[in-house]
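Next up, some structures in structure tokens.
Two complexes, one shared chain (chain A), two partners (chain B, chain C).
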Partner chain A sequence: MKTSILACLALALPLCASANPILESYRTAAKQENPAFKDFSAATGQKFYTTKVGALSCAACHTDSPMAAGKHASTNKEILPLAPTANPKRFTDAANVEKWFKRNCNDVLKRACTAQEKGDFMSYVLSVK
Partner chain B sequence: MNSLFTPPTRLLVGRIATGLLIVLSAATSAHAEEDGKRGFFDFFRGEGSKAVAQTPAPPKYQQECASCHMAYPPGLLPPSSWQHLMSNLGKHYGTDASLAAQDATLIGNWLNTNAGTYKRVSGAPPEDRISQSDWFLRKHRAGEVPANVWTRASVRSPANCSACHSGAEQGNFNEHQVRIPG
Partner chain C sequence: MQRTLIWDVPTRLFHWTLALSFALAWLTTGSDRWLAVHVFLGYLMMGLIGFRVIWGLLGTHYARFASFWYGPRAALAYLRTVLNRTAARHIGHNPTGSLAIYILMLLTLVVGVSGFFTLGGEEQQGVFAGTISLLQSRTFKKLHELSANLMLLVIIGHLSGVVAESLLHHENLARSMLSGNKMAEPGVPSATSRWGVAALLLALILGFGFWWFYYAVDTKLDQMRGEQESPHVKFIGTPLADNPQWRAECGSCHLAYHPNLLPSVSWKALLAGQAQHFGSDLALDASTSAALLEYAIANSADKQLTEASYKIGRSLKLAEAPLRISETPYWVKKHRKITTAQWQSDPIKSKANCAACHLDADEGTFLDAAMQIPAAPAKPKASQ
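Moving on, here comes the complex of A and B:
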């Protein structure tokens, strides 16, 4: 009995340990923004990632796959992959994540992203392998 | 008889004059300037090859200013351009590039210290764009760089120095190392 409990914990803990604190902070913010908030959706995030607003979308610079290196739409500057599976530094620095959400949401949507949008986006990008 | 201008003297004076003429014309010719290296004749012009000398860039410069475009050597613009750019980061060529105050100060100081002070970089170019400077337009005129180069997917824009100048971020724009991609 004890060993099976320990085995269960051993399986569950790594999953808990890999919860991204930045994503969790957006979860809290999303609940505050919208009391009816349920959860983030990677599928919604993927749709958001590829939706064009005018000439731009996330994919316009980051390419259709977060695993691939991207290119700035105007300058051609190489952009390292977004997905942590390809680039482990991604989504580890909260200030950096917020800075780029602020800049890029303004570029594409001409407004700030909601916590829901940020969380959906992150859920998608974190899930890509 | 004029003892001062004897034939041997005249010959010597003539040879010295010719020598000086050769040296001076080589010094004033534009060709040596094109080289990124500081050669003997650069002594006579004091600009060009030293335009992109600088103290090492703070890591913040690469981090904050080279995510979307290459890290431009500060010597390519005058201090007034850099100051203008740094005070208008919210409207940076169509995007919001604003920085935390202390980062902006740190980067701004480095840019100001290492900005271009030589004659050809003295005036602020239109829109503070390096690629709109007189010297840039002259060096990249249609006879030197075919107009269709700028629209190639591998190049995209004159702001993309590294497309053809692989040593651009290190300030190396040596004409002999240019490779225009297809």
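Moving on, here comes the complex of A and C:
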């Protein structure tokens, strides 16, 4: 933990964010999905995060800021912040991340997300400070 | 004839406290909200009987069992003389009244003990918490109700006797039980007041009452300070099974409803349909799904681990598998008085938010005493 913080201090921000192994596995998947894949974009991820499909969007439950706690749309249950800066447990368990992508992409988009979308989303959320 | 002290102060205090306790216990029957009061009265009455037994051995003349040690035959014989209006006046207890006293004391013990067993089984509280299953406690509940009804009958008999005797002998027996005095020939034994014992008894009653209801004062104070309310009566029985995986998986979107609230057929249907869980694909992998189902079945309503399990299960038809707890007939009946406006108000908002009123929702026990409808914010006046 300490070394990673030191590494973050020493290196540029984008490099620091991409140190997440889950993001790296999405990078590999994205390359397989699309041979023309270049890189993930936090800006595209931010747009994805706020884009509404019907009444729903990522932001609808997770609030406009991934740093803030949200509320479940129908049960009113508290949702802890998404951004690892505010909640270090986020994006540490690959199976859990994949479960939530499957669940929430289906909720909002009514389809599975592509590796590109997941990577962009993660790049954005990991970059929020 | 001269005014003579017959009933000492402790005897009178015992009599009226017991009478008032019975009346209040009768009024708080079957009420979740007043359960704490009902149970308090139960303990109090048992304590009073304990005192009366001691006072029957150590008290003043007319309080002692020795002064009214009549058998049932004498009681019936005396009753006959009352009915044909030839009954002799007794300064102390008459034989029929004595029998009523012994029966009432005995019935108080039966009502009390069966009540404690009911409390132990249904609410997992009190002296018998954890010693008895819910199903076993059903028998005690029937006994509790039966003996309390019987007690009411004997009390009616006792009151009829007081009225009949008062008319027959031209004296107000009820007033004597208040003042302690009766008109008697010179030379009959008289009692002494025994204020000290009465003060001790009163101190014990009030002390027990204060100790028991301290939470009510404390809760109000906490509310004023804006602190979290604590349950009315603390749960002291065996806690229900808990499972970290269940908590993590179910608890991320809603209260991790304890599996004892739905039958196993419901849990099977819910997990089989996890890809369409109220509009969401839960995306659970096979091993997680299997582990959750195993835990749910082991603790489902079928096992009747709690009063809620038993009653939810009983309210369903055979093999009926509701997907929502709030669809079970028992749940619907229990919540029928809650208005739509109340459901929508802060901090309830949703029927899924059990914890807004049930302080023990997270543990899954749903005890009567842990239920508190939160104070509603200032209500706008009805405009109908």
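Note that in this section the second predicted complex is superposed on the first by the 111 of 129 C-alpha atoms of A that agree within 3 Å, B and C clash if a C-alpha of one lies under 4 Å from a C-alpha of the other, contacts with A are read in each partner's own complex, and residues count from 1 in each chain.
Simple rule for what comes next: a contact is a pair of C-beta atoms (placed from the backbone, for glycine too) under 8 Å apart; a residue touches a chain by one contact, two chains touch by 3 or more.
Remember, predicted model here, so these are calculated numbers, not experimental data.
K.L.:
Based on the superposed arrangement around chain A, label chain B with chain C as either clash or fit.
P.N.:
clash
K.L.:
Can A:Asn106 be said to touch chain B (first), chain C (second), both, or neither?
P.N.:
Both partners.
K.L.:
Once the structures are superposed on A, label A:Ser74 by its partner contacts, choosing first (chain B), second (chain C), both or neither.
P.N.:
The answer is both, since A:Ser74 touches chain B and chain C.
K.L.:
With the two structures laid over each other on chain A, which partner does A:Asn34 touch: chain B (first), chain C (second), both, or neither?
P.N.:
neither
K.L.:
Report for A:Thr51: first if it touches chain B alone, second if chain C alone, otherwise both or neither.
P.N.:
neither
K.L.:
Kindly classify A:Thr92 by the partners it touches after superposition: chain B alone (first), chain C alone (second), both, or neither?
P.N.:
neither
K.L.:
Which listed stretch of chain C (5-13, 149-157, 203-211 or 221-229) steric-clashes with chain B in the superposition?
P.N.:
149-157
K.L.:
Across the two complexes, find the residues of chain A that touch chain B and also touch chain C.
P.N.:
72, 74-77, 102-103, 106-107
K.L.:
Spell out the part of chain A that touches chain C in their complex, as residue ranges.
P.N.:
Within the complex, chain A contacts chain C at residues 72, 74-77, 95, 98-100, 102-103, 106-107.
K.L.:
For the complex, which residues does chain A have touching chain B?
P.N.:
72, 74-77, 79, 102-103, 106-107
K.L.:
Which bits of chain B are touching chain A when the two form their complex?
P.N.:
66-70, 94-97, 154-157, 159-160, 163
K.L.:
Mind pulling up the chain C residues that touch chain A in the complex?
P.N.:
252-255, 278-285, 349-350, 352-353
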